[in-house]
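In the two complexes below, chain A is the common chain; its partner is chain B in one and chain C in the other.
Then we have the complex of A and B:
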């Protein structure tokens, strides 16, 4: 499962990198509108290929005809009610015909969305901006080489091994020279199994952060600048993390780290001067573009 | 414009859509054999046009998106101030910089020392004079004088604290209430019902039902009404004595309310202080002390932040009020480093959000949102706080949490006119203190923070104000711009000391050092003026003013105790209570400077016949002026006693205290007097951190008036500022005002 996901996400990442490299000359808002147009067009094409166009055309004609009959025979209640019942019936048939293309489109659509989300959900930090970083260690009994405790220790006894683990592994961070850390970093919350840093970067670019020591080292890039970067705010070990945060590879299962999180700021991509979530913008614009292109493709939707 | 174009195009498109649908009906009718005629030729053109319109519509969307989104989306940030509108001024430009409590003596000294170059420049261009303050010289009174250009008898604000006129016989309707606003309870609902633990009323189901309301109690006509009706723009930031903000009748006034705006608990600012030290929770007037409790499940600490009352929960029979909403903050202490992580959950109807903040010892956090969910189905009250980690070690933690402020972009109360004005400011500059008294002087007063910590906190407030000033200057085109600074007053209350006598608790070095803080704030006011001058240019009339000056507060006078000792007040309790014999009480003190006669027909349990009032007032006045300080027999603590019936004029003067006490310098009323309480001694030392004040005789604490145009009046007063602003726009002093313009009237018509 993990291997397959890894392959898929790698391929998608390469594809996403290529597409966004081509769009790198535009501002994020322009790139999003362009992507919406392309996605709208592709959705329409896939819909045309995968759906039963003849049946859809027939159903839509039937709906339109019954709509017309409600207008023509509005004085005849029996005909009007029958027409409305038939409209409802054909509308459901239309939904049934839509099911297949929607299911087929769902998987590539989610993968494409996740690639766009990697660029539009978060923005890189600005130089000098505070950068919160949180490392979470696995519970002691899941850490490599640990045995399960049989006694019932007190809170402080129970905390001691995790405190040692946090101090030994969870507190190790190597950074490039352009990144500095707060004077008392890290702040460790033993019950949470977390170490928190507040970093600051002075230069634009991709700065590799290296956590852990010896043979248990996990890396995560830190992005500083203004461009559209492929950003995952979390690197985890769960397969679900691999899908949601596909820019980063999974943490190896034999690592003491459960996850590394860099809390990037949300990206605002204003459309018409309003702050709208990129997903809403993409959804609305792609539908608009699909409707615009439809007459040229002769696809029935 | 892009949106308007898009709308217009959309409607055109809808027209064509209808036409084409008609054509489709025809075509279908033909197919279905309903006997309709074949497709007319002109309809084909319509289809082509429709398609072209679709394409144009899509292109328009793209262009609009590009034009509106390109610039800001590139950086992904929206915190920069909006660009200054490229408009040509239509009206004159007038700036009024209000520096609360700025003292003319210190300004003179700093100008002479060359430390306030912009003030000096203004003085050279126009003039600098002490400005007569209000009677009494309290900020709500003084700023109301400024706003209305009239005396307190017109605007009805006589003190920070007024009598509550609500008739409650048991307490002789002498409960204190804030002077500038009145809270009105929600009307009694038609019916109530319970779901689970929550009480609902029919008002909760009716979105149009009237709820509890706060009303502006300041009367009189504000000066901006005269400008507003002439279409002259007015922008005011943090204006005092205008909460809730008065309405702009013609839509040309924007105002962010300042002093008087409450926190989310509806108090004037209630901070919370948590420590691991074993101590009982305590409620202070303006603060709460609580213990950080260790959670024995995981070893972290829990701080329970208390929010506003939850009106959906059953009323506590003991207190008669619903319980507070609460929020558990989990505090994790680092095992080695002096830092903590604070974590909490913001509940919402749609889902929960986990919030975290990591702090080092001695660090102030940014603003963080705290949400209180009143019932599982809503509503949610959103507020924001700043944390200050005072101390953390293996032994103990001390954590200060600021009062719960409203979130500017999502304010739970209307604190600006128009209501969205505060959100616009918040969008541009980020969150800021919305409560009127932003400086945490209560925490300093109760010794939960020290001098240095207070200075740092007050500087944060000042930095936020400077940021807001930059925004105001970016937005300003013409008309009146008013900007208020509170730090000159609230830092002076703590740090001012210009006497050779020893400070109540500071060493001489610290006294000098912290008095130097005031000078530094004055320099920052000079910097603020410099920014205004650079942005607004030479064609602007600049007025820098303060509402009063400052003096030391070394000794306190217990007015109610004096009245009791002299047989005017009969109470065996230390507060007005059932043990107060009102039948034998002739006068009582309430508010910082107020003395009221227990008058028959006015007070519910009045004892003094109106015919005897004048004689009684003369007698009390004579005795008060004759009081001497037992420790300094040559000093009279009371310099002046003002009779309100001769000092004030206007239809509100009947609500004024009968006497207003004007204390001598170094003296003020005691801390107990304000709320109608008693002291152990009539005169005692003030040992509080609040060691300077201005609520004394008005001639001892004049404010300042600085203008780049010649000040024509010999002794300008606060009530002269509003007529002068109007005069700049050619408006003669209206009848509602008593002041005179200190500037020549520009050409224009009278109102």
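Then we have the complex of A and C:
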């Protein structure tokens, strides 16, 4: 699974890098609008290929006809109510016809959106800005060298080894000289298996952070600056997180680390002066572009 | 397009549902599939939202609407004796045949209607032609008041025929933009039929009407209700129906009436040609707009048509569904039409028939309904339908280019379209007037009458010694049985005491065995003179010496005098001289004998002064010829051609007709209620409807309300 995910994410990263390299001449806002147009067009194409166009056309015709009937036979209230009943029925049918293309579209679009999300969801830190970092260790019974427990441990039995693990592995952090931590020891939460740091960086750039010791070392870059970087705020985690935060490779399976999270601030990409979340912008603009392009195609939506 | 096989359907559904659940299992994923999902569901959700909004508005405004409707409805129907009136027109239904088939028990529904209510002959118009008769029906007046005397009338300035019901003029204001001419106003489409349809009078009194395909309703007039126009709606090329016939066969050079033959070349299994559309009025000098298409012959009598990026399978003698064709007039400007293709043969010669390109009812290039959205509604609700006035292409059969079955299939499918529209109007008009005319009855009788009479010159046995009786022998009987079933279904749908049903025809039908060339007779009698050296075969009377001609025939029923001061080169003095000439021609023509049978071919000749009253009488032909049974004006006379003989055998498929003495060819009137009046006339039906709905009959109507027993 991990191997397949790595291949998928690598291919997607290459694709994302190529696309954003081409868009690097534009401002982030213009790049987002351009992407929305391309995605709108792609959505229309995929919709046309995957949906039952004949059925959709027929259903839409029926909806339009019943809407018109409310205007043409407005003297007859029974016609109006019957038309509304039929419109609802056909709207449900339209939704039913939408299901298959929607699901088929969802798969590639999650991958594409994750690539866009890597650039637009977060911004790099500013120099001096507090940088929260959280390391999560695997449960003890999943850590390398440990046997699977056969009976439920007591609270004390459970807490002590995890505390040791957090001190021994989870609290080891090496940073370049431009990055400092606000105190030496991290804040540990044993039940959650986490160690938390507050860091700050004094210089712009990509700063490699190194967690763990001996053979169990996991790296994660820290981005400081202004540019549109491919930022993963998470390394490791659930399989779906791997797709969403694909900038980083998987954590090796024999590592004690489950995940490392750097909590980057959200990025605002102003569109026409308004601060709108990139997903909203993309959502609205891609639909608008698709609707604008539609009359020039033979696709029924 | 991804398509799942039936076997894989279950598995694929499981996979899709699982994928949907997985993708929706996290909130971030839900957000990330947002645009895809949004795109997929946006339209349907919008529809749901819009419907809810409409429903809320309808519910909130319902009390107000109820009050308004109650008040207006009460006023509108306060004197009404009925709640609804349904008039089902079966163009050309012949009473003798109806009688016969009812007696044989083949028309049980009309029989039931007759037994419960009434069945009478219905007086028609002079001449008994559909445009004239239906105009009298809808205006309740004689032709002198509605100005329709024939399909064609004569232009008195140049002696050419013109369509009598409508006048179309190109836009008068244009803006030149490069090579394009952008029209700034709409073309003028003027209805030449005068008088007000009786449903407009009903509408003025708050009574809703649904009028479907009643002839001479184009361009559609505003009314309280819906109107779908019929006869005289042109095709996309502006004609009354021009088919195209593509063939590898060497053209015989003969002119094809109502169509054009295009010679194509077969290259291997491919044939490439162009669909010919209307002239491009936006690009002067560019000629007709065309759409290329190709045909790939797959095997004998099977091919694939490729047109505008789409493929359509073709099988011999099977029509394609209606195909929308878009002619590009200018960047971003297209003219839409619909047509159907039919492969005639692939061996030994390739032959393809393309029906006249009808206006697309969904987006008509010219208005064909009132409100304009009504044709769009019908098209979206029931699919594309024939919009051409004379929708059934009789010419292609008359020219012998397709077999009887192809024409019959066309008529049946057009009737099926009409049936849906008619039943839709019954469903949507529970109070008021519904009128619908089926013209398949007229067209089928025109084209298949020859099978009824073994001695008809056009009976296939008289043209082909190898003929053996076939299914077409009973086509007319089948037609009457089918129409009876239509009546039965109509009765089932309106089975209530407050609805009155009338089944009517505008005229009857008879045999057309012999044509009479009136112009040849006028020449023979010295009333018409040709230019010196003129050779027969000319059209539109172009070789007539007008300085010596006193009378000429044009159209299906009329003879015009060449009157000084009225016609451009008139020679007959108006007044007494003209009247004397008319009397002379009437005397000579009445009882004109056919040398072949020694039977009279002409029964009566009508003087317009005696048979028409009203402000438009002067537009009428001076004389209207009432032919005997079996006779009609010759094909060539109608378009101003002259032949060498006065009488001709009619060997064309168009073998039945009704353009004879109106006394011989009345229509029918079946009614669900007892009619107490004697001798009802077509023009009485409008006043009758007004009277039944409690509306005063306008004084300018000639018709009188029939006395009908209404409980």
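As a convention for this text, the second predicted complex is superposed on the first by the 260 of 301 C-alpha atoms of A that agree within 3 Å, B and C clash if a C-alpha of one lies under 4 Å from a C-alpha of the other, contacts with A are read in each partner's own complex, and residues count from 1 in each chain.
One rule holds for everything that comes next: a contact is a pair of C-beta atoms (placed from the backbone, for glycine too) under 8 Å apart; a residue touches a chain by one contact, two chains touch by 3 or more.
Values in this document were obtained by computation on a predicted structure and should not be read as measured data.
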item: Touched partner set for A:240, first chain B, second chain C, both or neither; value: second
item: Which of chain B and chain C A:257 touches, first, second, both or neither; value: neither
item: Contacts of A:64 with chain B and chain C, given as first, second, both or neither; value: both
item: Contacts of A:50 with chain B and chain C, given as first, second, both or neither; value: second
item: First, second, both or neither for A:223, with chain B first and chain C second; value: neither
item: Partner chain(s) touched by A:72 [first = chain B, second = chain C, both, neither]; value: both
item: First, second, both or neither for A:167, with chain B first and chain C second; value: first
item: Partner chain in contact with A:283 - chain B first, chain C second, else both or neither; value: second
item: Which superposed partner A:41 touches (first chain B, second chain C, both, neither); value: neither
item: Contacts on chain A seen with chain B and repeated with chain C across the two complexes; value: 61, 64-65, 67-68, 71-72
item: Chain C to chain A touching residues, read off their complex; value: 1-2, 16, 19-20, 23, 25-26, 28-29, 31-45, 47-48, 50-51, 54-55, 58, 62, 65-66, 69, 208, 226, 309, 371, 373-374, 376-381, 428-432
item: Chain B contact footprint on chain A (complex, rising order); value: 27-30, 32-33, 37, 61, 64-65, 67-68, 71-72, 123-124, 126, 132, 134, 155-156, 159, 163, 166-167, 182-192, 194, 196, 198, 226, 265, 267-273, 275, 281, 285, 288-289, 291-292, 295
item: Residues of chain B defined as touching chain A within the complex; value: 2-3, 6, 24-25, 28-29, 31-32, 34, 51, 54-55, 57-58, 61-62, 64-66, 68-78, 296-300, 332, 334-341, 343, 356, 358, 360-361
item: Residues of chain A that touch chain C when the two form their complex; value: 39-40, 43, 47-53, 60-73, 75-81, 84, 87-88, 90-92, 94-95, 98-107, 109-110, 113-114, 117, 238, 240, 244, 279, 282-283, 286-287, 290, 298, 301
